[in-house]
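Order as written gives the chain letters A, B, C and D; numbering starts at 1 within each chain.
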Amino acid sequence: MSKDILILALLDGVSYAGLLFLVALGLTFIFGVVRILNVAHGSLYACGGYAAATLGLWLGGGSLGVSLAALIGSSIVVGIVLGTLLMLLLRRFQDRDPILQLLVTFGAFMIFEDLQRMIWGTQPYFVADVVNQMGTSEVLGVIYMNYQLLFVPGAALGVYALLQWFLNRTLMGRQIVAVTHDREVATAMGINAKRIAYLTFVVGAMLGALGGALASPTTSLVPGIGADMIVLSFAVVATAGLGQISGALITALLIGLSRSFCVYLYPELEVVMPYVIMVLVLLVRPQGLFTVAQARRI
Amino acid sequence: MFKQTVLRVGVLAAFSLVALHGAVQAAEKPAELKVGITTFLSGSASVFGVPARDAAQMYIEELNAKGGIDGVKIKPIYIDEGVGGDRLLSEYRRVVQEEKAELMLASISSGNCNTLAPVAEDLKVVNLMWDCGTEKALEGHGYRYVFRTQANAVTEMVAAVAYLLKVNPDFKTIAVVNQDYAWGRDSWDIFRTVLTQLKPDVKVVAELFPKFGAPDFSAEVSRLQVLRPDVVLSTSWGGDLDTFVRQASQRGLLRTSKFYLPLGESSLERLGQTLPDGVLIGARGDHYFLHPSYLNDEKHKTFVAKFKEKTGSYPIYSVYHMVQALDAMVAAYDKAIKQNAGWPSKEQLAEAFRGLEFRGLTSAVTIRPEDGQGMEEQLFGITTTSSEHSFKVLKDIMIVPAEPVTTPAGQHTPDWLKTVTPTIIDAVKPAQAQ
Amino acid sequence: MRLSMIVATVAGVALLITGLSMPWLKIPLILSFCYGMAALGIGVLLRAGQISFGHAMYACISGYVVAYLSSHFRGLDGALLIILGTLASIAVGMLVGAFVVRYREIFFGMLNLAISMVLFTVLGKFYAYTGGTDGLRVQRPTLFGFELGRTEFESALLVLAVILSLAVIWGVQRYFRSSAGEALAAIKTNETRLEYLGVSAKLLLWQGYVLSAGLCGLAGSLFGLSQGLVTPEMGYWLRSGEFVFIAILGGSGHAVGAFVGALLYEFLKMYAAALVSGAWQMILGVTLIVIIYFLPKGLVGLLSERRKALRGDA
Amino acid sequence: MSALLKTEGLTLAFGGLVVANGIDFELHEGERLAVIGQNGAGKTTFINICTGLLRPSAGRVEFDGVDITGKSPRHIVRRGMARSFQLPQLFLDHSVRQCLELAGMARQSRMPWWRSLASSADAREVDRVLELVNLRARQHEPASNLPEGQRKLLDVAMSLMLEPRLLIMDEPTSGVSSEEKHGVMEIVMGALEEKKVTAIFVEHDVDIVRRYATRVAAWISGGIAADGSPDTVLADANVRREVLGE
């Protein structure tokens, strides 16, 4: 039995981690490049979900391909629209104290919260076509949705690989990396920081929205889902080390697994887990698990 | 000796004078009757709050069109419970003390009921608990101005046990998945206490309280699939219930375990075909838009039609509770006006609620004179596919009368629960179609 | 600064009078003063260039202490409860502070956030002891030995809140101008230099942190008494966010700022919720952004600008 | 007489790049040592190790006969070794005067909570130092108003407030226009003279070195290539080629 539980908990953890990673990824990516901790990221998650659900309803089922297209398409649209909005907003605060920038995103978050409710109302939203089309598979007598078991983690890995490729193999990506390492030098080298920042916001926003979109078939979209998701992804990002993409992947797994094991062994601890992990990690490694500290030049 | 008698007479006289005085002085009729209504307009509980608000608007428009109460028009003031306890309190005070509301309807959240009830008592304003469940809000407080126009958690949960044992007597194991907050915990406490008492051989294999508004229950579902309990109970509601039920059904858990959702009525329409047939559903009261006894009842029928037309969906229990509270208000004013031959003072209004019998959209409700607790029947049913609805409807509808499943006035719930006997199971009767 | 103190006192008394004359205003006013104290706590950290998204935790702690004591030791006086609650927060602040002062900027904020979230979830989870998400009732205690009914009790609290707020403004302002306070502000501009003057920035920040925890604690215990109920929501990160919001709104230039911000915030929110129920968050969000855009130093920043301008003319 | 500052085999490498290559060095009371060398020769690294910002991978630092290897800047400063910076490290939000007052309080290592900074700092001392670096006129302006030259002075002045026995100055005249340079050095050296402070200063300008140094040490790739009187070192062929680039 215990061995079975181990396996099952692993599977549950993985499916949850996939989602967590996608959301955290956008957050950490944006921070890595423009050094802004985007509280409004939670709204991106929520809007992505709502948009996907709405589109799904509008298309009304259709083939698997159509539903998947709906998920991805909607998150791209949301990403471009909201990413642009955020970027335009934050551009006004470029050279301000990072704390103020953070608070601006907090303000944006509050605004988005109400916008959501105005657009999508308060009734839970939910479109499950994709899940049903993908069917289920059985492990040790437990039935899993292929969507949760295979697709979401797969998508997470795919996105991760894609992002890595983009950052390391394309010119644009290399420029982004350059900016993350040293913006002065990068801009001195004639990299158009403005364009980079814009791109970053759009990509980051897309990732956040994609997280929401992928969550929408299995979870109900209700007012306020953004607020919880954002702290959770904060936990992931801070534990991994701000701006650490691979770190976020591993941390998301860590948190996802610890959570699912808790459900089997000590359910009461389930919710506290991510934060306990974060506190412990930060106490031992102030910069997060995967960041190398660098000294300030004087 | 003589002195004492004199004294006694004097005191008596004084008392009767006071009483008389209290009786004769009636308030004068206001230009309009301000009614404060707290309901969730934001946050996840707005699933209940917003439909209820719509219902209130509908109801009050109609009432005012008919000339209001004794010619006095109603002016509702809506307060958002979603702003959080502290601000809600300020706002409540503002509406009572600045806007001079004569009557308050509060609230949906049990937590808010607990906070606001003593305030209403201090402010001497009649407060109708129109939707919140916790029995603690009234029990043992002996309030003068606070009443509940529907059942409380005890009635609902004890009835739920009775129904379960009636329709599904022989099961060995049960698991619970409730939201992690007061209602989720309290309702399970009551349920478990009564269940283990009436059916000691039942084994509780899992008690899961996932976080309020959790986006994902995959681990919980897996665990339940390993345990394979005969019955899975969940008193969750709104988005949480939808999410849990959907993930459970997508993963076939509903095929292996019998699901029992005492608040399921409020999610039926949203869940569409997700629910299989044969799921046990409760309604938190005897409210259901297809209630056999009131299917053709004029008041009920027209309301359901109107509401569907206005909001595009069928009324859920919070809607019924709102209407019920407003009907109670009207009934109480009529009663008080008759008794006092004039517009009632707040005291007289409060008096009128004691022992008030009134009818909302379904069966009549009595407000217990002793503690102001509403006595409301409970409705349960089993999901089945319907030809004219795109979602599951209820069949084999059963009704549990309030009296046998409610803590008697003046008694302490935990003690009383220990005295509950299997006789309550026989109290469960099929609903009479008319 | 003398002048500002006088102005603050006059304003405080004026508010006190309005509050006592309009009963429904009492609660919002008490709340504003509570929020003011808490925001001032954040303000202390802002001066050191640090931000905390977890300080609601300290309000929460003292609130729960007050609630627990009020129901388990009925005899305790309200004043004593306030003191004990605050002390509890200070104690925890000393402990947590010792860890978090090693961190700066976003990590500082993050760590506070995480710790507060642990507390938040624990309070919600351990239902048997903490009453879960419904929280604990605060039994109305005697106040300075007097048994008081709700209305009198609230009036008394309001008076107390005003007095405490004025005291706090005065005291904290002194601290800001003291050596320790100025050195704290130096952490924001140049910590390296502090170290090279032989000053321990950590120690300074720790002092500031404990002070801020104490202020939030004071706010929390008053809050608990005025509400008659404490819930985990008191410690949720959004509440901490509100504190920061208010601190920025008022500005950390002068201790009085936090209270100006709190009053504005409280009534903005109250009327936003009353007039356009359903869009109050949006209104607040817009306000926040606008304030940051036009008055990065907050409302008191505005005042000091004025004063500079005047001096310029003279 | 024993050395005020003494290092033995100081070694440190960043990755492959050796920035301190087994440095043995002694400095005595009253000396004015000018440190010269190309950028990247390891001058600042040497200072950073001595003042505790960097920990050497090998070797030890002694100050006034006490081992201070790997001690934090704070402790080392308290022992009486102050430094000024290539990029002035000031409290830009504070006024010029406050910067000095804070330094003064630090000297007494007291940070009272209650008495205002102005009233608890030693006003006469502050005034004297303000005079020394003639910043009196601007004492109430925010430090951020000062031009580079005066920032350098304030930076040095803050270290002087500490009344150190040894002051290490990292390029006190870099970023100062060549006509100001001598002015700045005059003031600084005057101040040091008056306070009897031993000093090390990193300098590129040969005239300044000639004028103010009693001793010169030339750094080449993490080590001391030549050490001695200004004339001998500046005449050294190797130094001329490698350091002065002639």
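Convention: a contact is a pair of C-beta atoms (placed from the backbone, for glycine too) under 8 Å apart; a residue touches a chain by one contact, two chains touch by 3 or more.
Listed by chain with UniProt protein names: C = Amino acid/amide ABC transporter membrane protein 2, HAAT family; D = Amino acid/amide ABC transporter ATP-binding protein 1, HAAT family.
As the structure is a prediction and not an experimental result, all values here were calculated from the model.
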Intersection of contact sets, chain B vs chain C, gives A
Overlap of the chain A and chain B neighbour lists contains C
At the largest C-alpha centroid distance from chain A we find chain D
Cα centroid separation, chain C vs chain D, in Å, comes to 43
Separation of the C-alpha centres, chain B versus chain D, in whole Å, is 77
Per the C-alpha centroid definition, the whole-Å distance linking chain A and chain D comes out as 48
Chain-centre distance (mean CA atoms) for chain A and chain C, in whole Å, is 32
Within chain C, the set of residues that touch 2 or more other chains is 121, 124-125, 192, 278, 280-281
Two or more other chains are touched by the chain D residues 89
Two or more other chains are touched by the chain A residues 117, 268, 271, 298
Residue set of chain A touching chain B in the complex reads 4-5, 8-9, 11-13, 15-16, 19, 117, 121-124, 126, 128, 131-132, 136, 141-145, 148, 215, 218-225, 228-229, 259-260, 263-264, 267-268, 270-271
Listed in rising order, chain B residues that touch chain C in their complex are 41-42, 78-80, 83-87, 89-91, 93-94, 96-98, 110-111, 114-115, 118-119, 122, 180-182, 185, 211-212
Interface with chain A, chain B side, in the complex: residues 41-44, 46-47, 49-50, 180, 207-211, 213, 215-216, 218-220, 222-223, 225-226, 238-240, 242-243, 246-247, 250-253, 270, 274, 313
Interface with chain A, chain C side, in the complex: residues 46, 49, 51, 99, 102-103, 105-107, 109-111, 113-115, 117-118, 121-122, 124-126, 192, 237-238, 241, 244-245, 248, 278-282, 284-289, 292-293, 296
Contacts from chain A onto chain C in the complex sit at residues 37, 89, 92-93, 96-100, 102-104, 106-111, 113-115, 117-118, 227, 231, 234-235, 238, 242, 268, 271-272, 275-276, 278-279, 282-283, 286-288, 296, 298
